[in-house]
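Read from first to last, the chains carry the letters A, B and C; within each, the first residue is number 1.
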């Protein structure tokens, strides 16, 4: 009896799936939002899970831009609507989220957050003719595949790393350097490139990697203490950088930490948490305008923006601006419009190169910042 | 309300208050201060009373609930009727993609579910039949997927040869990890397999020159080699992904693999060997006394279940087009065990059902209730717990199995 | 090297405190309490929130840091005990007669619920919360160095010998023990001894031992089995809370998913020492911590978890029931 019921349910489920009206009318996936309804913009990133804070920044930034456009009456006479999908920062969930956004017929996607998710997801968007603009995936490979509809508004690891290594060699004139990374595509990629830039110019005492879940850094830091370095580089994000800096000071290490965009700007998670301990910490980060945080705070009742909120806002501005300039809401023409126009954004006037990266400025896209009195300020000598 | 019930209610209220206190009323934002998130005392008091009542009701209910499930009485049926319903399901699943648009997300979801069902049915041999708890099964899946990708990308082997090699390499690794199992029992074995699973993931992460490290082997690097027919007899043999519609071809391939897997494991469970496995689960000493070669049986269980995970890894790599170590983490191993246990130990169709429920529920929750998708994992955990409490022997399990 | 080994002992002591909870529940129910790591996390949150509250309200200045820390640990123990009690009632008791694996799955369900509950109900969502380790009061109490080791000539000769073998990563160096390190190790030993005495000497402890040997027989001779099991969960969870607070002080933060890694290693430690055996949990924990630290020092950090695995495999092949295990684990 029970077995029969099981089979009946199983068959009914399959039958019901066949008749699902939601996407059953057989239209191709590349429809891109033609028609009179609102233009749909996808936002995909870690809305839950260990990196949910980053996903929140992503969504907030995009929301701000969309609200501004809608207040002006939308684009092409149509309102803009955000569709969100969660990938939990897990590469294994990213393709499913991407497929769902494709079936929602978004014109473009702001996301994903992590390089590990953006790479497989953008394969799917590319096939469906949907524009991908990642606000935060810095791995070179994201744009090196040469897809015409994949863009990024943040920097690339191979631009960020030279900024750091040149600074260590030429400005700090350090002699002994240690390198740590968190074994992720982002952290290790960055640290490896920094190491490449340092080899032969300074003595690299060691290069160590640990799990991104690690929170007790004493085993590595006691090695660092014995190594007596001038500066240590960490390829990773603020969640580990904060306890690492605190524990380093507890062990009596005075050499400053240097890190990248994963640490910069997380006021709540890094600067406030470390307090006095992170004074002198060096970071590399692109230029951003000073009035964006104010705008953000007034929109989200005093909440401080995470470092990527501004890039997500920029990505949304570029995407919607592209739709407006293309005069059509289909992926390929929007991609063409983004390639051939200049956009005025909080990170400056930006243009895109053939790969889909921002064209590099003469002073370089990454600047070196230092923590002084609890704030990141541009480095200007000791 | 009697006195004792009143006392219990008060106790339950206090417990509920303690349970909710640090999280609903307070939250530490920074390291030197804390915030009270706008909860006036009255609301907190109300919350305490309401949650106390709910908590008390829950406990009362738990004690009255008939926890045991009725045993599954299945009269012996003829072979014809036994295969009729699965056959119908197979046909239904096989024609399903024809009714869907080409790049339908539902197809991807069903494909993933079928892959995980294959792994769960295979894992059922060790956990359900032989009673050996494995907490690192994702490692075999990883070995299969990586072997397949490395062979096709670096050595340009034909799909089917790489496919067989992946199953074989996972089986060999399963055999090796089965060796300590000969001496260890129960949870000691579980923790060894757990450690093994983590060790495999770290090797994949750290040996960057071979495995691509944490970023894994990305799609476009392997694409051509993976989906273009190549190698020995490459021009004559069909392979999934070589046509224009990768998703559907992988779908049918996954369905075929699941069907073969279900068939093999069902036949196994009715065979002499299967009965020996069940005997091992019920009482190892007794089984040995009856002349069952427990060493051989344990190794067979490990090897064959690892092989199915390895073959499923091929489907995963082929469909996704890119793999990375974090795909194969401990959470997936736990999920596989949960699929087997939820479906019912030793029940092949139970594992299929368990895989279907545990993989589709979170995805469908997100799809149908995107506004509350933040809460879906909360709901998922609660459902998982509730299903076990209501049906402790699994959905299709037989009562009394150890 | 010396500092690394000292760090290993402290990390091992933390593993050991968490492992005590696993081992207790296993001893009574032969059940892996998968939600135990989550109880550690709950305890850490409760403790950190209380401590942050006391710091913010000025209680630390008036009463001093140590009484406030003690108060937060007690608060954390109460909250965690309530959780342990409820988890047993809701997720384990209905499954007492079911296959042990069913309880394992419902425990996993509970831990998913708890993680997401904490993440969703916290204002910072997935962001960690920080123990007040930057305050002057904390530094004045815990920041100091207690003992300084300097092996001098002896250490230098070992250094030279080892470097002569070509292992330049081995060096003895100096080592320092901070106040917090000492507190962690002392608390670990004290709790282990207290628990052992409780189980061996008290009436409740005797009931526990009876229940662990034969639940049905214990019930027949008048032991209230349900009560004993509840007590076990309450005590185990209270210990977990202590561990949670110490972890968040040691690593400076508490995060909603911290229970996972804390639980995994502690579970390994409990098995290593012989699951179900109270002194074994401590031996296993400290051995695991030291082995990891030595492995990191000798061969580098990336394979940290692999060292733990190799140690486990080696010990279990030599002694299939763990270092101090005697009880036969029959059920799966």
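Convention: a residue touches a chain if its C-beta (ideal position, glycine included) is under 8 Å from a C-beta of that chain, and two chains touch if they have at least 3 such contacts.
Just so it is clear, the structure is predicted and the values come from calculations on it, not from any experiment.
A.B. asks: Would you indicate which pair of chains has the most C-beta pairs in contact?
C.D. replies: Per-pair contact counts point to B-C as the maximum.
A.B. asks: Quick one: most central chain, C-alpha centroids?
C.D. replies: Located nearest the centre of all protein C-alpha atoms is chain B.
A.B. asks: At what distance in angstrom does the C-alpha mean of subunit B lie from that of subunit A?
C.D. replies: So the centre of subunit A lies 31 Å away from the centre of subunit B.
A.B. asks: When the C-alpha atoms of subunit A and subunit C are each averaged to a single point, how far apart are the two points in Å?
C.D. replies: Comparing mean C-alpha positions, subunit C is 35 Å from subunit A.
A.B. asks: How many angstrom between the C-alpha centroids of subunit C and subunit B?
C.D. replies: Centre-to-centre distance between subunit B and subunit C: 28 Å.
A.B. asks: Find every residue in subunit C that makes contact with two or more other chains and list them.
C.D. replies: 116, 124, 130, 133-134, 252, 302, 305
A.B. asks: Counting only residues that touch at least two other chains, what does the list for subunit B look like?
C.D. replies: Only 29-32, 205-206, 374, 377 qualify.
A.B. asks: Please list all residues of subunit A that touch 2 or more other chains.
C.D. replies: 48, 183, 209, 268, 273, 275
A.B. asks: Residue numbers of subunit B touching subunit C in their complex, please.
C.D. replies: That would be residues 15, 18-19, 21-24, 26-35, 37, 55, 58-59, 62, 65, 67-68, 127, 131-133, 180, 183-188, 190-192, 194-196, 198-199, 202-203, 205-206, 330, 334, 337-338, 341-342, 345, 374-375, 377-378, 380-386, 388-389, 392-394, 401-402 of subunit B.
A.B. asks: Which residues, counting only subunit A, touch subunit B once they are in their complex?
C.D. replies: Per the stated touch rule, the residues are 2-4, 6-7, 10-11, 14-15, 17-18, 20, 23-24, 26-29, 47-48, 83-86, 90-92, 95-96, 99-100, 102-103, 115-116, 119-120, 123-124, 127-128, 139, 141, 145, 183-185, 188-189, 209, 268, 272-273, 275.
A.B. asks: Okay, in this complex, where on subunit C does subunit B touch?
C.D. replies: By the definition above, subunit C touches subunit B via 26, 32, 42, 45-46, 48-50, 52-53, 55-56, 78-79, 82-83, 85-86, 89-91, 93-95, 97-99, 101-106, 108-118, 120-124, 129-135, 252, 264, 267-268, 271, 275, 302-303, 305-306, 308-309, 312-313, 316-317, 320-322, 328-332.
A.B. asks: Going by the contact rule set out above, which residues of subunit C touch subunit A in the complex?
C.D. replies: Counting only subunit C, the residues touching subunit A are 3-4, 7-8, 10-11, 116, 119, 124-128, 130, 133-134, 143, 171, 173, 178, 250-253, 255, 257-258, 260-261, 292-293, 296-297, 300-302, 304-305.
A.B. asks: Which residues, counting only subunit B, touch subunit A once they are in their complex?
C.D. replies: Spelled out, the residues of subunit B in touch with subunit A are 29-32, 72, 74, 85-86, 88-89, 92-93, 96, 99-106, 108-110, 112, 205-206, 208, 213-216, 218-220, 320-322, 324, 326-327, 332, 349, 353, 363, 366-367, 370, 373-374, 376-377, 396.
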